[in-house]
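Labels run A, B, C, D, E and F following the written order; every chain starts at residue 1.
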Amino acid sequence: MFENNSMFETDYNYNEAKIIIFGAPFDSTTSFRPGTRFASKTMRSESYGLEYYSPAQDFDLIDVPFFDAGDLILPLGDSKKTLNIIEDYVSQVMADEKFPLMIGGEHLLTLAPVSVAQKKYGDIALIHFDAHADLRDEYLGVKLSHASVVRRISEVLNSDSIFQFGIRSGDKKEFEFAKENTHLQKFNFDGLDDVIKKIKDRHVYFTLDLDVLDPSIFPGTGTPEPCGVNFLDLMNASFKIFDNCNVVGFDMMELSPPYDPSGISTAVALKLLREFLIRINKKFISEKSF
Amino acid sequence: MFENNSMFETDYNYNEAKIIIFGAPFDSTTSFRPGTRFASKTMRSESYGLEYYSPAQDFDLIDVPFFDAGDLILPLGDSKKTLNIIEDYVSQVMADEKFPLMIGGEHLLTLAPVSVAQKKYGDIALIHFDAHADLRDEYLGVKLSHASVVRRISEVLNSDSIFQFGIRSGDKKEFEFAKENTHLQKFNFDGLDDVIKKIKDRHVYFTLDLDVLDPSIFPGTGTPEPCGVNFLDLMNASFKIFDNCNVVGFDMMELSPPYDPSGISTAVALKLLREFLIRINKKFISEKSF
Amino acid sequence: MFENNSMFETDYNYNEAKIIIFGAPFDSTTSFRPGTRFASKTMRSESYGLEYYSPAQDFDLIDVPFFDAGDLILPLGDSKKTLNIIEDYVSQVMADEKFPLMIGGEHLLTLAPVSVAQKKYGDIALIHFDAHADLRDEYLGVKLSHASVVRRISEVLNSDSIFQFGIRSGDKKEFEFAKENTHLQKFNFDGLDDVIKKIKDRHVYFTLDLDVLDPSIFPGTGTPEPCGVNFLDLMNASFKIFDNCNVVGFDMMELSPPYDPSGISTAVALKLLREFLIRINKKFISEKSF
Amino acid sequence: MFENNSMFETDYNYNEAKIIIFGAPFDSTTSFRPGTRFASKTMRSESYGLEYYSPAQDFDLIDVPFFDAGDLILPLGDSKKTLNIIEDYVSQVMADEKFPLMIGGEHLLTLAPVSVAQKKYGDIALIHFDAHADLRDEYLGVKLSHASVVRRISEVLNSDSIFQFGIRSGDKKEFEFAKENTHLQKFNFDGLDDVIKKIKDRHVYFTLDLDVLDPSIFPGTGTPEPCGVNFLDLMNASFKIFDNCNVVGFDMMELSPPYDPSGISTAVALKLLREFLIRINKKFISEKSF
Amino acid sequence: MFENNSMFETDYNYNEAKIIIFGAPFDSTTSFRPGTRFASKTMRSESYGLEYYSPAQDFDLIDVPFFDAGDLILPLGDSKKTLNIIEDYVSQVMADEKFPLMIGGEHLLTLAPVSVAQKKYGDIALIHFDAHADLRDEYLGVKLSHASVVRRISEVLNSDSIFQFGIRSGDKKEFEFAKENTHLQKFNFDGLDDVIKKIKDRHVYFTLDLDVLDPSIFPGTGTPEPCGVNFLDLMNASFKIFDNCNVVGFDMMELSPPYDPSGISTAVALKLLREFLIRINKKFISEKSF
Amino acid sequence: MFENNSMFETDYNYNEAKIIIFGAPFDSTTSFRPGTRFASKTMRSESYGLEYYSPAQDFDLIDVPFFDAGDLILPLGDSKKTLNIIEDYVSQVMADEKFPLMIGGEHLLTLAPVSVAQKKYGDIALIHFDAHADLRDEYLGVKLSHASVVRRISEVLNSDSIFQFGIRSGDKKEFEFAKENTHLQKFNFDGLDDVIKKIKDRHVYFTLDLDVLDPSIFPGTGTPEPCGVNFLDLMNASFKIFDNCNVVGFDMMELSPPYDPSGISTAVALKLLREFLIRINKKFISEKSF
């Protein structure tokens, strides 16, 4: 009789679910235009406008056991406490052998689940889709910044563990750092197959900054960067990762609804989320276990 | 001395015209985001910003005798009465051997002109471009819903009369229904040539839900669905229909200006309308009669 | 650890609560600018920005046992079914001797709880604050219209049961009808004390169309009508009713968030709601029973 | 069957009407934020949301014979040609012994009807309600500027003919010029009665820059100036002028819909227009002639 | 030949000026709706739309020697560093015996100039106009929060040094804290005269949270709180302080342009700033020294 | 310590620089939707969100000596004076052997720098990228109109000097005029190589109306025209011109930020500007002189 306001109106509870979605509404270090704190809430309320069935995969989301935990309570203005809270929750999810799926929030937050995964598995490889390299050592003296998140992650992971695709923005030093320390593919997903082969025996964390998409497709983000990838290329590249890697965690970051008055960015994020939930679930099914 | 506020400032009157444009400002069953009631008014006032000459077809709209009847007065909240009013007007237009061109409004309204055409011609084939299948049996218990319009139409037309293209959204049952009851082409216009050949001896009604376009091109609609067709593909597919089918009525539905702050969706709708008016008119000229 | 997304983050359940809030997201008969379907959702998510403590009444909302049932699932486009669904829920709430507090949605919906209350109590007096008389016999042939709701209610209640205040808009016939059939105070709340005295032995339903406020204070509504009452006058007039009448049901209608980009209308609605919840609760306390 | 899109859906033609409304969509000299070119169109389309009956005056607009001529075609970027076009039309209206009511557009345009009136009657007194003095000799070297319109008018009228009220903005020189050349009442309408007495034997042109209202009531204007008058004070002051002066022309200027997303400014302009049409008409009736 | 983009196009340099304006674009701890980081930039660019002459005070801003230093570079996400940067700059301004005038930014930032002033003068009294008490001990564990700024200030100043006016929001504990530790006047400026008398021998810092204004007048703020003071009351209360207290620093906080599409909030902030600059300057003139 | 608000925070002064950027905020003849007057200001403030390093060209903008002169003060409403002011400044820049780079503003303004260049060099060839032909003889009787700018330029340049690409809109007469008087390539950049060869010994002025881009990529413009070119095609075509022609001046016109709520159009304009600045500078370097 009453509306169900969870993501895609999912009815599964934590115990039934294999995939655990949670929102992380934090954007305090956003240097340009804040607003990603509203992403998960907006996605939840707009998820009503999308069908649960995927014509592309001929599969119904209703058959994917995922739980929507809601939004974490995060102390805006305190990045360290915020990261700790996320780490605590992801640790619990991973301890329960479930798959954490974080909806950001600014990209800095990815540091938390990657750190947890590295602690648990010891050999995490990071696949990073983004328009921006996020490799600054600091931003105006701030080490915990959305512009430094992959640099911070590089200090947590073993060497040869970071694989970046679609990057089309950064300062000169970031690209120099990348030459020494990461695998960085500019502009597109070329070489993804080789990377996947290379890391097929490792545990993988996959972080998706949605601004890797072209701003015409995804205008609702804090730092739109022209000349990005298109929807199908992103979806197919992501499918490859979910299908062929041992992905242990995933996040979708940087949707900023206030800069998306027509709502098309939220629709894009939701459609990707639906397709990814189905895809991750298929992996579970084929493996009969997580 | 004073501005002419009809669509493209047309000066032709009803009697002179072969094509009769009318607006149908109704969106009461819209389940997600209302606003299509403002489409025809916005198109009229923005049509001032578009040239009347088509460089693509090298033809001037000023030489196309079309009449803009304005917007029907429709009782919001009463779908049945609304459909009756549209049926009455379309009946008159068709009785006068003119071509009705409806500007929606929500897609439910298409039921009215199709029903009138079926009564008059007895063998209508429907060509349906849309992101959504619109084949639900009902929506929250409502039979006359924008999400059910093609299902309702399937009850009015003979079997083997519905040809859907570009469909990329629907629930599982809709796609199952389509397998039995309609020709449904997912995602694009593949197979359109064959369909055209198949129905070349029948009377055709062509309904265009503008959300078949990708949301980057057409953000201003109630239910944006990512990964749609592009402008040129839509225009060329439509030209094929106008050139090769015996089209007896046409509508453009689901433009929702409140979700289009930059106005690009309205510009797209208007440019399509200009090109289509010229194309429909060419057909008249080549046939020397309607 | 996770956010509570109910209205004002209330934790009380249905059984503990005396006041039951529910949202009614329906605006299909709205003649001018739709959008009230988003009111309850927006109020819930913005209620996070308001303190729970009232400095005016020196009372904390946390001590008011109210339950937020969420939003009813309502079939847009079908007014009759919608009214039935609301009647069913209000009947249950009233049967449980609780106080129903509906958040609209368009004003038509008020017909449902008033009808239920009349059935239960037999002698309902309606106090109606509004900019508009809502006394049309029909609107474009539609009997169940937001512009006709008080007219429909007049057919349900006994005579001498409708008391309208703040009315500053309507067609001529509505004001003529009011002369014969209702107590109508134009522009303000003059005479409210006398009305309260007059009906002090009856059961009262209080319906508040928020557009009774001046549009500068409350711009976010479908049909803004200049020259309305101010916030304090409305709050104090409402307090009088809650304090001195036997109010058995209440609703706040016609907030339309899409026309309120700054969010001040939602803030006004929420502050009124907080103050009213505290006030209604005080009445319960003083009466030791409902 | 079809909507009537004239102002308040008026059906009277030019010959039947005594009051002639026309729109003047021009804002090329606007120095700060353009947009008044959309005022008359927006008022027309939103006039559908306002009742035609005035509860304040107990009179129905349907009994006021006024004609809506539509919007003049004006060459944006060419102030001089624009003023000439307006002068031509107003000359015709005045020659036909009708009352011109211009909807701006930027305030510069008032120069045209005042010039025509001065030519016809020889002794025009101007009553000017505005937040701004509009008395600059030039603006960035431009003589025909919205900021200079009353200065230009002062060169057309006889001395002692300009009466300004509500003025709360201008540069120092404008206020010095006013001391010598106009009657300027700062902030409010004090002294209006005396002015009315003084000019009761003269022909009066009344120009209303709607930004005289407080921006909370009327945010939709190019140069909002805080601390203005309220709706009722403006309406009553205007009524005094219409009731007691021999007003031969009137305009409402500077509504800028793009800066009014909630539409309350347009609603204010329309309600004032309705009340003024009724009031001007009453004068005609009482005088049995124009 | 080129535009001057400083606040009110001021041409005075640092050495010539007595009043030093600087912007502090930081809003990382904003709990509800971010955006105040854009305040000073928006005020600067919109200051072009306001006259420099004040009709109320008959004085031209051009005769007030003030310098606009621009916006400090502040590390978003790091409140501590941000406060340090502001302290450094204010220390320099105060060391040069000039008057610092900060444009926020979120209210937390006020802690910086107050701390500097307390160090320099040893006996600062704070006058605080605000809708919110800002007296929380912490907000979600964060001590340096916009909701805690006056609490933090209370730890810096001597006892009996905080005087709050217009407060109409806070949690219960804040009002209890205020009873013991501050002078708190709810809703309005009653008692301001007495406070001024009481502190006339002390050095005063005056902080103005613009949300003390009613949201109808000032919608563009992060946490709009209905039922606030009006423009004239605020201006006059502020004039009293500038005229009668030994004010050594001032700030205007919490304008959030993204929530102010019509720009009226920015216009209000600018008009207040103009009037205050003139008023502060008059004090200097009358005292012949700072 | 304080932000630098020049374009891309450039620190070079006029003397050090070879490229001189200036803004031309004028849109008085815009026939449809004004707003380009805000383009250069918005680009400046948003340039903070873009990196200075170009991954595509592996070059840092910090090594490009360009000066940002700010915005010219232009008299809105007076096209002639406006053109004179621009001519004066461009004459000075060209006399100093520097490269003028104008940020519009409406396209009419291009007439000024082209006229100056023609006076200086005598044989200017114009390369014109645009959606619109801009070849009208006049627009509503106005000769100096944004819709006539290339026609006016054709009266200034020698014959066989105008090369138009990407044109997809215009009235019939404009295309007829083009056949006789210009080289006009519809829809795309086909034939650009041949044109470049043809004019390789002439001085070239390159004018870019950004609406040549598809509206999905660049929605923020006054007259969006569907079916335009994409970002990479535009960038590469422009690179060809900068690399192979003797370009002596360049402008980017018609960005209209009010129609770009997501800011993606401004981001596109800025990214193009960054790439072009680097490219123009490379030419200087390779030629060792200008």
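General remarks:
We adopt the following convention: a contact is a pair of C-beta atoms (placed from the backbone, for glycine too) under 8 Å apart; a residue touches a chain by one contact, two chains touch by 3 or more.
Computed from a prediction, not measured in an experiment: that's the story for all the values here.
Common neighbours of chain A and chain D (chains touching each): B, C, E, F. The chain with its Cα centroid farthest from the Cα centroid of chain F is C.
Between B-C and the choices A-F, A-E or B-D, the pair with more than half the same contact pairs by residue number is A-E. Taking each chain's centre as the average of its CA atoms, chain B and chain E sit 56 Å apart.
Here the spacing of chain C and chain E, counted between their Cα centres, is 39 Å.
Centroids of chain E and chain F (each the mean of its C-alpha atoms) stand 42 Å apart. Shown for chain F are the residues that touch two or more other chains, namely 31, 73, 214, 216, 261. Shown are all chain pairs that touch, namely A-B, A-C, A-E, A-F, B-C, B-D, B-F, C-D, C-E, D-E, D-F, E-F.
Interface residues of chain F facing chain E in the complex, by the touch rule stated above, are 1-3, 5, 22, 41, 45, 69-73, 85, 89.
Only residues 27-31, 34-35, 37, 73-79, 81, 108, 139-142, 144-145, 258 of chain F touch chain D when the two sit together in their complex.
Within the complex, the chain D residues that touch chain E are 31-33, 167-172, 175, 186-187, 214-216, 219-220, 223-227, 259-261.
Contacts from chain C toward chain E in the complex involve residues 48-53, 55-56, 60, 214, 216-217, 231-232, 235, 261-264, 267-268, 271.
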